[in-house]
Structure formats: C-alpha cells, structure tokens
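The two complexes that follow have chain A in common; it is paired with chain B in the first and with chain C in the second.
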Partner chain A sequence: MNFFEVFNLPRILNIDPKALERKFHELSRQYHPDYFTTAPEIEKQKALHMTAILNDAYRTLRHPERRVEYLLNIHGFKPDGSKAPKALLMEIFELNEQIEEVRSGTASPEQARSLAGLIREKRERFDAELQAASREWDSLVADGAPETKLKQQLEKLTEIVSESSYIRNLEGETH
Partner chain B sequence: MGKIVGIDLGTTNSLVAIVENGTPRVIPDSDGNSLVPSVIYFSENGEVLVGNRAKEKMVENPKHTIFSIKRFMGKGIEDVREDLPLLPFDVSPESEHIIRLRIFGRDYTPPELSAFVLRDLKRNAEAALGEEIKNAVITVPAYFNDAQRQATKDAGRIAGLDVLRIVNEPTAASLAYGLDKRKQGVIAVYDFGGGTFDVSILKLSEGIFEVLSTSGDTHLGGDDIDEQLIRLVLAELRHTPEMRGVPAIRKAVVKAKEELSAFETADIAVDALNYRRTITRSEFNALIQPIVERTLAPCRQALKDAGIKPSEVDEVVMVGGSTRIPLVRESVQSLFGRVPHTELNPDEVVALGAAVQADILAGGKRDMLLLDVTPLSLGIETMGGVMSKIIPRNSTIPASATEMYTTFAEGQTNVKIHVLQGERELVKDSRSLAQFDLKNIPPMPAGLPRIEVKFLIDADGILSVSAQEQRTGKYQSIEVKPTYGLTDEQVESMILDSFEYAEADIDARLVIEARIEAETVLNATARGLNNAEYEQLSSDEQSAINAAAQHLRETVKLEDHHAIRDAIERLSEATMRLAELIMNGAISKALKDKRVREVQ
Partner chain C sequence: MAYSDKVVDHYNNPRNVGALPKEDPNVGTGLVGAPECGDVMKLQIKVNEQTEIIEEAKFKTFGCGSAIASSSLATEWVKGKTLAEALEIKNTDIVKELSLPPVKIHCSVLAEDAIKAAITDWKKKHEQ
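Presenting the complex of A and B:
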C-alpha cells in the first residue's frame, strides 16, 4: 500500500493540509494500538503495523518537499543533483565562495545580508517553478492523461527538485 | 484483564494512580503518603526497605541506601563517570555497558533496583484495591532513548508487572491537565524533575493529543541543583569530609532548597560537620542560573521543531518538583510570554496522566487518543562511519522505515547492521543502540541478494527489527543484542531471582491482612468482655477467652500469617458461647423494645 492509498488520495501534489490532518486523526482513531490492548495478538500486530504505515504516510505527505520526492520515488525517479546544468553548478560554486567569505568574517554585514537575500530569492523562484509544475501534474492526473505525458511531467519535476536541492542546502548553511 | 494502574517511576519519588469512575486518583501507601521516595535500603541480614523507611537510612547508612537510580537506567559506566564522586555507592567492575551496584557482595542492575520501588507501588495498589495488580502503564522522560525505555520495561517485568505501555511524562501530564477542560490549541509542557528535564509541544483537538515535538536532557534536574549546593558547602568546609559526610550535606541542602521556594533566606545546617550558613534567594538564583538556562535551549529547539512561535503557545503547563523554584517559573514565563499553569500538583500530575492512559488502554476512554513522537532520530551506520538517518526525530510513533541491504563479496552469508540514535552526523558521536547480523543469506554473487530490513519503533518508542530476503522471500531471524541493555535471557533470570522477593511480598501482604483481622477480632472480644453476658460464663470459659486473646496478641508480632490465622481461629472458638449469649440478649432486647412500642 503506498502512502497516497493510505489516505485514499489520488497521486496528487496539492493536498489541503487541514483535510489531511482530519483524515489522519480519523484513521488514527480507527487503527491506533491503544485501542487493541485487549485484542488477540494478531490484531495487536495488525494495529501496530497499520498505524506505523499511517504515521509514515502522514509524515511524508504533510511536508510538500517530501511529498514530491515520494511521488518521484514510487515512479522510479530519483532526484540527483549531479545532473544539474553546468551554468547552475558554476553559480552555486560562486555563491559557496561568498558564503565562505561571510563565514571567515572578511565580508561586511551588508554583503552577508544581500547574499542571504539573493539565495532566498533564488529558492523562492524554484519554489514557484515547483508549484507550477505540481499544478500541471495534478491536472494531468485529474484528466487521466496518457502515460507518456505523465512521464514527461515526472522528468520535469525531477529536474526542478534536483536543481533546487543545491539552493536549499546553501540556504541551510546561511542560517 | 484486571485493573491497569499508572505509575510515575521518578528519580526522587514514585507514585501509583488509577482511574475510578472516570476520575484519576493517586493511591497512597498504608501510612497515607502518596509519594514513595525512590530509595531502597539493604540491610546486612538481607532485609530490603523501600520508600520513606529506606530514606531514613540515607544518612546513617549511605553505602547501602540507593537513590536516584533512574539516572543510571540504560547507561554504562562512562555515561555517569562525573556523578560518581558524589555518590556513596560501590560500583561493580563489570559495569561497562550496564552499571551494576555492588551491595553486600551481590551486583544489582538499575532495572533490578527500580523493580524494588515498582514492587512496593504494586503492593500499595493491591492493598488499596483489594485485588492482584498485573498490568501497568509506566512513565519515562520523553527524552529517554531506546535503552532507557527498555530498561524501564525490564524493571516492570522483574517486578511482576506486564508493562502495557511506556508513556512520556510530559505527555502524560497533558492528559491529566486536558482531561476535565476539553482544551483545544497548542500547549507546552515544561517538566523539570529530580533528575531529568523534558519539554513537549502538543496540539490538542477534539480529544486527540498530538505531540508536535519534544526535547530535553535526561541528565538535568533537581539533583544537579543539589550538587551545586553540595559543592558550595564542600568548598566552604576547611577540610574535605569523608564520603560518608556527603549524605548529611545533601539532606541539609535539599531542605534549604525547598525552603527557598517559599522564603527569601534559608539555613544550611550540617550539625555533624559543625557547619552552618545562611543562603539568600538571590545567592541561590545566581548559583542555579546556569542550570535553569540549560533548560531553555531545549525549549527553543522544541518550538523550532514544531514550527511554533512562543506567542502561538496557548498554555504552558509546569510539571515536576523543580518547577516550584521561583527562578524556574520566572524564566519559563519570560520565554513563553505567559504565566504558566501551576494549579495541578506538579508531583502528582504525571501519575494521574499515566492512570488516564491506562484507562484508555483498558477501553474506558475511547474519545481520547495520545499521538506521541520519538525524541531522537534513528539511524544506521553506513560507509565511512557516517550515521544515515532513517526515522527523523519527532516522528509520530509507531513509525517505520525500510532499508535495502546487499552483499559485497561472492557467497557472503552475513551482513552486519549497526543501529544508532541521535542527531549527530558521525557514528562515533551517536548513541549505539544495537548491533546485529543478518544471517543465513543464501550464497549468491556479490550484490545480488536483496535484503529488506524493516525498522519499527512501537508506541512505547522501542525498536524492533525484521528482515526478508526478497529473492527467496525468506524471513531472517534477527537477534538484536542491545548495546546498553539486558538481553531477554538476563531479564528472565532476574525475574526468577526476584521470585524470592515476590514470595516475601505475598507473605508480607498476608501477614498484614491477618494482622488487620486479628485487631478486629481482639477489639470485638474486648467489647464482649464488658457485656453483662460475660458474667454468665463459667470461670473456665472466661479464662479460655483471656488465654486465647493473650495468645493472639503475642502471635500478631510474628511475621507468620499461618500462626496469626490459627490464633484468630482459637480465639473465635473460645468466644463462640459468649457471642451466642450476646446475640440472644440482643434479640430478646429487640423483641422487648418492639413490645413496648406496640403497647404505646
């Protein structure tokens, strides 16, 4: 059973967090081991494993980035930064150097601030791209688009996630 | 299933509680105390005392009076090296992965020692509830790791309890707190006890208590404050006293610490060492400021992990004896920007919550549900000594993760797996949880076997592992040898060892029950001797009664319930005719009264 099936959802990327939480609580009330203390061992085990899958699914799907990665994963796509275009790698390399300067204290506070701003801007651009691609994916799923179309979209998503992972790492380092 | 009790197995004090008619209440011991000090005293002749009676021995016989054993649960000698100088116990040389205290030539592990406290609580509950108690929910600090949780469960088993659930203390507190108020919103539980500190952020909605994050320090509590004060006294003493002087100092500083929660100054007086000084609250505050500060970093971490700003916390709940300290309250208030709740007794709230959880498990409360998290990330060792996280901290439990393993050599039949807990990147900085071999892998060319290993953290926060080779579909038998814990066989043998105590327990209970009955019979006899009917007995009958009563009064002093029962029986026989006469007299009197009324 994959995580989307646990929540009885189609494989979509825009999920209402409130609705997901409601469903999570509802399913928890149904399966949680607390309610099976006096049940036979086999039912206890079932409750334990069902709840573990439910929790794993919720942990993954509630988080937009983990959700995309999971979707790609179950379709056999693995985001991989090493395939990023050369121009992006160069850019990252330069940004990394600037971060080093900030770290070693040779950059001014203004430079540090503007660097952080620049990285945030880049990350937000990736976020917007990812959101647009996610919406496209959802409408393809809703329209019952053919396999080839879906596959193309998954490739596009893989590319965005791979490339954005660099920026996310950089952003993590500036905090 | 019989009744399920909730137990707060604390560093300093322990309590047992139960839900009756929907309300949790703490069960006191036979003296009416709800707190049982987590102290165990061993006498040379093999007698073991627990609780207040053991605590009394602390100063006179420190070496054999064990306290704060919770700090040793799931630990090896290296983990507690710095505490040892101030502790008067003998540590066994065989303490590398499990601390063992040597008491009169016998080694005891922390689970065995904790079992003495649990057995005492079990006995109190049995005496109060009038039935055998076999099932319990036991609380642990939220930040306890796998080994510490397992050690607590082992302690329960050794004490003859089936531990149906290990519950985190701050979460238990939130259950007790949210019970009658039907709260909604975000609450923070700040739990500062005798030996441990925890903070948990929870979201309450429609009976679901969802933990968003937890953080803490399992080695930070009132004990550390005591140690600061002890060091202060030691520094002021001109000559360093022997180790045996420390318990007297400890007793004096604990008293001063407690007084400073209510007064501006307190005296630290150690008569035996001819030491006395006054300490003001501001001196005390300056001394403990660094300790209080250490609780605030986990609070900030928990807020960050929950994605919650301090201003978004609706309520702050204070738990644990150390939250009585004014500086602690002030610091928490300024961090969260609101006055924390202190209306529930901070010593009792965890036990009450444990009882509520026990009631949920027993099927009493279906409308409430606790969704807790694992406090530490679970990982496995990968190439180059790196820890690869597979279940992140603050994941709702039960939680699982699956990893694929394969072989590196032709025909390789074993693969080693090292499981770790912690937030650091490198294996050497993480807590080793267990190491085991995947065995009996069918011989195949390197890289061909596909072994799916499933790591499962259950609702107690305890790990189990199962594996399946994908090509053959064969399940692997996995023997997980805990790095810092007891194996199942060790626990089994401790359970066997503990039977001597369990038998002594049953005997002790039977003696108590027999004594209570003896007292009832003796009182009834004494009343009978004052009745007019007593004079109607022959002098032989009278002396038989007096002899039997005297015999029972003597026998009651013995620790032999058979003898007490026999003596009760003998007295009952001797008083048989007197009882009949009194009964007849009462009936004829009742008839006479009736006749008088009828005449009127």
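Presenting the complex of A and C:
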C-alpha cells in the first residue's frame, strides 16, 4: 500500500493540507490501539502496522517537496547528480563561496544582504517551478494521459527536484 | 555518527585546498554535485602535456566532513599520477582508506566523479 492509497487519494500533487489533516485524524482514530484491546492478536498487529504507515504517509504527503520526491520514488525516478546542468552547479558553487565570505567577515553588510536576496529569489523560483510542474502532472493524471506523457512529466519533476537539496543547503548556511 | 580518525584529520587539515586558474590550458576543472545531500565539489588538476603526469591538484568542497575528506584525499592521490593511473582510482578505494560508513559512500562517488570530470575537461582542452 503506497502513501497515496493510505489516504485513498489518486497520485496527485496538489493536495489540500486541511483536508489531508482531517483525513489523517479520522484514520488515526480508526486505527487507534484503544479500539483493538479486545480484538484478536492479528487485528491488533494490523492496526498497529497501519498506524505506523499512516504516520509516515502523513509526514511525507503534507510536505509539498517530499510529496513530489515520494511520487518520483514510487515510479522509480530519482535525482541523478551526473545529469545536473553545469550552469546550476556553477551557480550553487559561487553562492556557497559568497556565503563563506560573509561568514568569514570579509564581505560587506551590503554584500551579505544582496546574497540573502539572491538565495531567497532562488528559493522562490524553485517553488514556482515545482508548483507549475506539479499542476501539469495533476492535469495529466486527471485527463488520463498516456504513459509516455506521464513519464516525460516525471522526468521533468525529477530534474526540478534535484535542485532542492542544494537550495536547502544554501538556506541552512545563511539562516 | 562518529567520523573515523582519517576523516577528522582531512577535515581539520585539508590538503590542497584552493584553486588553479581555470583558463590555463594545462588545468582541468571538474565540478560535481550530489543531489542526495546538496554537496558541491570542485577539483582541479594541472597536467604536464608531455608526460600527462598530474603535477598539481586543488579542491574546494562545500559539504559534510566526509565529502571534504574524500576530495582532500583524492587530490593527494592524483598528484604524481598519470591521467591513466588517476582514472583507475575507484570510490571504493576512498571508502576503504577513510573507513566511510554506508550512508557516506556517495561522498566518495562524488570525489571519483570529480577526478573524472577534471580529466575530461583537460582532455577536451587538448583535443585539437
């Protein structure tokens, strides 16, 4: 049972967080150990197992980026470092170098501010791209698009997602 | 997670940190990244055109201790080797030397990729 199935959802990427949370609480109650105190051992184990899956599923699906990563994962796609565009790596490297300058105190306060702005912009661009590609995926699913189209979109999502850990690192270094 | 003594040593005293002039025809630059963790690594080699021996190597890595140690070790290893010999260096050699745990194996892969990318870049400059 995959995480989408746990919530009885199609494999879509735009999930209403409120609805997901409600469903999570509802299912949590349904599988709560208290309801299984007198049940046969096998039922007890099953409920316990479901509670564990449910928690993992909720943690993963409520987070837009992790949701995409999970979708890619169950389709056998994963970010490939050797395919990262050279321009991206150069940009990330240079930003890291600037962060180092700021931290070592050799950069001016203006440089530090403009660097923080650059990283914020990078994050915003990334979020927007991911959202757009996620919406495209959802409409393909809704339209019952052919396998090849879905695969193309998964490839596109993989490419976008492969940037996320670089951006997270940049943010981790500046915040 | 505890780092091995060798990783700590390379982390505290990284060898060959720095940069070589990218435009120098005898310098090959490899820039690689790990999407799993967001580490980026630049490794540069200066190669003698006649002998194809790597005379100098520099690196700069933004990443965890294992990634820094792997690239530091890689620069130590490639120095004095021919390009053909340097291509023989496998990530598993790095894993063994630094006693990297399974979760850090991708750091050694990154270092191997960086060596290969630097050599490829140098060769590209010398195709003509």
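Following the convention adopted for this analysis, the second predicted complex is superposed on the first by the 171 of 175 C-alpha atoms of A that agree within 3 Å, B and C clash if a C-alpha of one lies under 4 Å from a C-alpha of the other, contacts with A are read in each partner's own complex, and residues count from 1 in each chain.
Here is the rule we use: contacts are C-beta pairs under 8 Å (C-beta built on N, C-alpha and C of every residue); 3 or more make two chains touch, one makes a residue touch a chain.
Since the structure is predicted, the reported quantities are computational estimates derived from the model, not experimental observations.
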Touched partner set for A:Leu48, first chain B, second chain C, both or neither: first
Partner chain(s) touched by A:Ile74 [first = chain B, second = chain C, both, neither]: neither
Chain B versus chain C as contact partner of A:Ala132, first or second or both or neither: neither
First, second, both or neither for A:Ala142, with chain B first and chain C second: neither
Which superposed partner A:Ala19 touches (first chain B, second chain C, both, neither): neither
Partner chain in contact with A:Tyr58 - chain B first, chain C second, else both or neither: first
Larger contact residue set on chain A - chain B or chain C: C
Doubly contacted chain A residues - partners chain C and chain B: none
Residues of chain A defined as touching chain C within the complex: 79-82, 84, 86, 88-90, 92-93, 96-97, 100, 162-170
Chain A - residues contacting chain B, complex: 25, 28-29, 32-35, 37-38, 48-49, 51-53, 55-56, 58-59
Parts of chain C lying in touch with chain A, wherever the complex brings them together: 31-40, 42, 60, 62, 110, 113
Interface residues, chain B side, partner chain A - complex: 1, 164-165, 205-206, 208, 210, 357, 360-363, 366, 369-371, 392, 395-401, 456-459
